[in-house]
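Following this message is one structure expressed as structure tokens.
In order of appearance the chains are A, B, C and D, and numbering begins at 1 in each one.
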Amino acid sequence: MTNTIAAKFKQQLMQRFQQSRQLSEDLCQPLETEDYGLQAVAETSPAKWHIAHTSWFYETFLLKPFLNNFKPFHDQYEHLFNSYYNAIGQPFLRPKRGLLSRPTVKQVYQYRQTVSQQVLTLLDQSSFEQREPDEQKTIIDRIELGIQHEKQHQELFLTDLKYNFFQNPLYPAYRQPSATERFSPQSVIKPDAIKWQSIEAGVYQCGQSSEGFGFDNERPAHNQYLETSQLASRPITNGEYLQFIADKGYTNSILWLSDGWSWLQQNNVSHPLYWVELKDGWYEFTLFGLQPLLEHAPVCHINYYEADAFARWAGNRLATEFEWEVYASQRINELNTDFAEPPLHPSINAPDDSGIFHQTWQWTQSSYAQYPGFQPNEGAVGEYNGKFMCNQMVLRGGSCLSPSQHIRHTYRNFFYPTDRWQMSGLRLAK
Amino acid sequence: MTNTIAAKFKQQLMQRFQQSRQLSEDLCQPLETEDYGLQAVAETSPAKWHIAHTSWFYETFLLKPFLNNFKPFHDQYEHLFNSYYNAIGQPFLRPKRGLLSRPTVKQVYQYRQTVSQQVLTLLDQSSFEQREPDEQKTIIDRIELGIQHEKQHQELFLTDLKYNFFQNPLYPAYRQPSATERFSPQSVIKPDAIKWQSIEAGVYQCGQSSEGFGFDNERPAHNQYLETSQLASRPITNGEYLQFIADKGYTNSILWLSDGWSWLQQNNVSHPLYWVELKDGWYEFTLFGLQPLLEHAPVCHINYYEADAFARWAGNRLATEFEWEVYASQRINELNTDFAEPPLHPSINAPDDSGIFHQTWQWTQSSYAQYPGFQPNEGAVGEYNGKFMCNQMVLRGGSCLSPSQHIRHTYRNFFYPTDRWQMSGLRLAK
Amino acid sequence: MTNTIAAKFKQQLMQRFQQSRQLSEDLCQPLETEDYGLQAVAETSPAKWHIAHTSWFYETFLLKPFLNNFKPFHDQYEHLFNSYYNAIGQPFLRPKRGLLSRPTVKQVYQYRQTVSQQVLTLLDQSSFEQREPDEQKTIIDRIELGIQHEKQHQELFLTDLKYNFFQNPLYPAYRQPSATERFSPQSVIKPDAIKWQSIEAGVYQCGQSSEGFGFDNERPAHNQYLETSQLASRPITNGEYLQFIADKGYTNSILWLSDGWSWLQQNNVSHPLYWVELKDGWYEFTLFGLQPLLEHAPVCHINYYEADAFARWAGNRLATEFEWEVYASQRINELNTDFAEPPLHPSINAPDDSGIFHQTWQWTQSSYAQYPGFQPNEGAVGEYNGKFMCNQMVLRGGSCLSPSQHIRHTYRNFFYPTDRWQMSGLRLAK
Amino acid sequence: MTNTIAAKFKQQLMQRFQQSRQLSEDLCQPLETEDYGLQAVAETSPAKWHIAHTSWFYETFLLKPFLNNFKPFHDQYEHLFNSYYNAIGQPFLRPKRGLLSRPTVKQVYQYRQTVSQQVLTLLDQSSFEQREPDEQKTIIDRIELGIQHEKQHQELFLTDLKYNFFQNPLYPAYRQPSATERFSPQSVIKPDAIKWQSIEAGVYQCGQSSEGFGFDNERPAHNQYLETSQLASRPITNGEYLQFIADKGYTNSILWLSDGWSWLQQNNVSHPLYWVELKDGWYEFTLFGLQPLLEHAPVCHINYYEADAFARWAGNRLATEFEWEVYASQRINELNTDFAEPPLHPSINAPDDSGIFHQTWQWTQSSYAQYPGFQPNEGAVGEYNGKFMCNQMVLRGGSCLSPSQHIRHTYRNFFYPTDRWQMSGLRLAK
């Protein structure tokens, strides 16, 4: 890069960095101090922890190796806010994150601001320009990774908070819905019947090619042979899911994977997470509090077993992640890359909206595995993705909780088949 | 009672009520808002819950049945802050108390103050005087019970907070020790050797006779035949307990009850709770943070199995609760009924202090059971004590965490043999 | 003792030894080889293990220290068949006893017979007479203890087998009932209404005085002060227990101890163990297979919580173990010390039978604890009783499964409050 | 088929049926009656259950629908010996199979022989020939499936028994090794260094084409695009695995998948299953009892996490199941389809033996999933394979425990990543 271009690029990077730092804090605005510490289960980290960990990430992988005269903000934060990087040391026990009343919220914000400032200092003209080009590149890559990492935590912040609030019989609302976010069953239009979109058999290139940001697990681009298939033009709705329930979907073992049937019986499950049946019908706990279930909105908060059982009941199946990717690659125009804050709840209002990127994550039948020739990132940051390539299923898409500029058609999300607290729904294939 | 005496009595009751309400709030002064929600295990309730539950108790057992035009502060608080009274309805799940970020601390204090005001209103001259004498008596008894109940929660507030803070690698201090509370090993004098105090064989009256407040489980007064026995003149110290450890006390199965040995092995226990071994020796987590272990202070935070094993190792045994009561009845003069706040950590500084009432609770070999002729309190409040009379052991005494005017020689505390988070120590008998 | 008396005494001891060894084997007669290995839960040891362990007991505590030129039958049996004596070494894991297909049944019987023969050899005139009197006494005491120990295991053999068989949907019968053991509801007469037997207040001597065999936990004899009480003239019947169930006894929390209510809810309990409700009414699994529930027979296989809840429902309570002992001491004439094999199921057929010794064990409200001045047996055999003196409740009586000459009015049985697989019932007190 | 060919085919089928029935019984010859009931964990079914279930399979899927005047041998066996076919009814609880002492071994053999006879009766000339061709085909297919099903259980019988025997400190041997099966470290030759066999990039047809028996999960044949890869010429040996251990393979978190690391820590794992370290070195529990570990034999009884960690340590990876299949398709000549009984322990003695089919199953990096166009078998037998397509990993190959004529290069075995009790090893890829 020439100096001028480099300067402009760095300028843009700093701006995106600051925007992403700001968004995390904006998302916390509606919280009471008491809300910051909630952790109902190991998976649903406290808001305060997200705020701290997304700073820890820069401190550990960027500031510590590269900032001149680096001193940690606090000696023990490396331990306290490490998520799962064993190469950095033994992380503080995940299920106990909610027990850290100290540092306080205020102290964590101080930590956060110190780190943000240090990142900007690191990029500062004179010192940065004197570094070797390789080092400059690594620094820029790490900041980019930090931004993308924080975007992931912005979505997790919302799904974790939702789960944690749901434990409270008062059903707290994260915020009040605006006039356009009203939740009456009439507020969402009935979608058209599903149309089937064909994919021809043949060899397709999948995964991310080299330009633009992508996680290591999206790489390398490689060939996949796909048989002929068809994918549904839109996700399954709550109304369709209610038919599955009415048809005894949750009590008919034939529809379920063996492990799914065990899960269902052990946990006595008969409907998606967050559904609450009151005297006057079904309600759904949302980030706007308890709201009437929207018949025509995409079903969400189902796990892999539920998605798979529904598909079997419907006489169809789930797509593989590669079928999904080919399908999505033809709908790139539906990507909305510029919005201030995520809309918080799925709701398809345009008849031609396939709901592919911005409604719910969609379970695929593909287990999370490495692509041929996969290379994890170097060093401790290599633990980011690769070590989770077992026992989890790939979800594709993006959701109403994903921040702006985070989603792309090669993006691979992954969760355990039992997980339900993510914004997860389904799209049929056959 | 004549009217004048009654008025004075009521005046004193109101004063004691207000003092006890105030103490709970004073004890919360050192807390950050974030600290109010901590609950590491089901047993260690959040500070906020204690503050709310001690108000719920008056609301449920006093205001609801007796206050004219009573309206609850909030419809769901009856459910949220019920501890274990099944007759009142299904209590909110105990292990999830820490997940109630709402109501906020501020709202809970509003609830608390509303209840306090309503109790005072109930006692107000004109309306109170018009009630039937029986009803007046019940009201006064319930307020007295409420005061005693709150005193119990003041101690639990401290033991729960200590346990919850201990989960944090930062070892937060509840407050800083004052100059006279310094924690150097030299600051506590070496106690004299144990002397043995004899109790003659014979029939003794035990339990509380009718005057003065006592819980239902201390009644009725009744006869117990005691064989000749001897009790130690002081509790066991940390230094003596270190000898037990040095002598392989924790690895010699012969010293342990069968269930105790299983507990020890499953939990890999080798020292009392809160002891931390660093490079330069033993430390103990206290309400003043991590402090050097005081050799001459009474050992605390051991469970029944540890107390029993130590006693067997020493060639002695634990006292029965009746032996203890007879012993303590001869040391009533050691009761200190007038101090502002509990001293927070055990420390015997006077050579003639038997440590019977104000250092640590002392495990007895008596399981918690009903006295002959036991009658639980009437109504839902009858669940207060009676239903726990199984699987728990009686502790006698009182501790450095017990509030003023709470302890008496007939008082029966009770915990499971595995419990360690209370201020529990031991006194030998033979 | 003079030589002649000693010889006669030894003769009798050898006879009783052989009878007890024979009875264990007789009790195994109805078993198939496959039945010998069953162990459904840790508590219910396999028949083969009982047969081996009752030989191990003699080998370990008698033959190893006293038999000249002793060689163990097999090097590893000391480990395999040790129940819980930590001083002997780490016992083989209790829950895995059922996984020892080897040694085979045949090999275990060979082991058993070798041990029996060695015990007789040890008592053989010439060698035995040359020992010191103290050693002679120890040997005789250990044989006596071995006989009593084996009697305990004869009852456990039956209760364990019953539980293990119950896991099988074929409901195997241990043996077929004879004509007089028929199980029609008409075969047991309706008992008279309960009469109340008074015990006067005062000091009573309890526990075993020095003559005759008694376990260490029955000693020493000591004084207990008892308040006035009354005990029921007979145990509670199935018919009476059905009234408790019909009156929603299992869903009314007020009737239950707190731990009992938790147990009930976690295990979804609504009737005694072994009760099976079929289309035509209640059945009960017995050692004679599945049989119609006998309305007038004593209720059995209830745990402490159930016994306690029933008593509370009935407006009464359970007796203390000392009340029970005083009551039983007045009914010594009901002891039947001479029968071949236990009758296997409770059934009171005589109007004047108080059912005190031979029907079901009766839960008392006393937790299992040491008597004042308790001294466990010396050496490893001291682990026999003392180390279990925590968390368990005393049952008094004896049962239809207890072998002849095993029961006495000072006998203390003890089990956890949750245990139901013993032949446990209840007698009311007030 | 013409009648003559059909008759000959049927003749061969009957012969293979009888051979497979006989082999199961021959494999049981070394057992004591006591051994038949062992079940250490839910996964390791008792020998008796295998003997019964392989008869149940014919009874349920063949005799019940097709045999004229069919009457079940016993009303409850359908329930008792159902493995996991929910469409047939609620199976008896898997973890409790070892608690079924009844029916006895003898009775189960009677059941088995009755079923065998009924299958032969069904194929009997006159009645069989009168059936519709479709029905004839279904019957023949079901018998073929029954034979293959029984072959699977013959291998499971051995792996289950091995695990169950291992619980016994006596280390029972299933049978004694012959002279040629001797287990000295010198008895197995050192293999050559691994050579790498290349697979070219391109589209390959995988899965079973229509001729010959194959399970539904091997079908349909379909295309897979493979990148260039190389597979190792032989499996990893115990000696090589010892190097991994010596290099701290079990304590270096970087080598492990996240779930694998959790598994390792929770279970305190430091070596393969069945390895026992004695004073004079490593031993391995085998079906011949405890034997010195063979340095040059293939490592076995490792789970997916261990295989994956070893491969990462070696700088390689595991093959995908399709890479493996292409590799194996070029070594069909190594298939040995004609031997009497499996050799019971892996041992490569020929320098040119790739160990692909008859040593150990080889973990692949492929999760068990449906092939494109997968159709499960029709009816209840459709639960055979399809419902397990989640959370499990594919193993390819065959083992020293696989019976004759069972293995083919398209065969897909599948187990959970934590499973170790199968004869599972690894082959490297890169």
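The rule is simple: a residue touches a chain if its C-beta (ideal position, glycine included) is under 8 Å from a C-beta of that chain, and two chains touch if they have at least 3 such contacts.
The UniProt protein names, listed by chain, are A, B, C, D = Ergothioneine biosynthesis protein EgtB.
Predicted model only: the values in this text are computed from it and were never measured.
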Chain B to chain D, fewest steps along touching chains: 2
Chain separated most widely from chain A, comparing mean CA positions: C
Centre-to-centre distance between chain D and chain C (centres being mean Cα positions), rounded to whole Å: 47
Inter-chain centre distance, chain A versus chain C - centres from mean C-alpha coordinates, in Å: 60
Between chain B and chain C, centroid-to-centroid distance (C-alpha), Å: 39
Residues of chain B defined as touching chain C within the complex: 84, 86-87, 203, 222-227, 229, 253-254, 256-261, 304-305, 308, 317, 365-367, 369-370, 372-373, 383, 387-391, 417
Chain B to chain A touching residues, read off their complex: 32-38, 40, 48, 76, 79-80, 92, 96, 98-105, 164-165, 167-170, 172
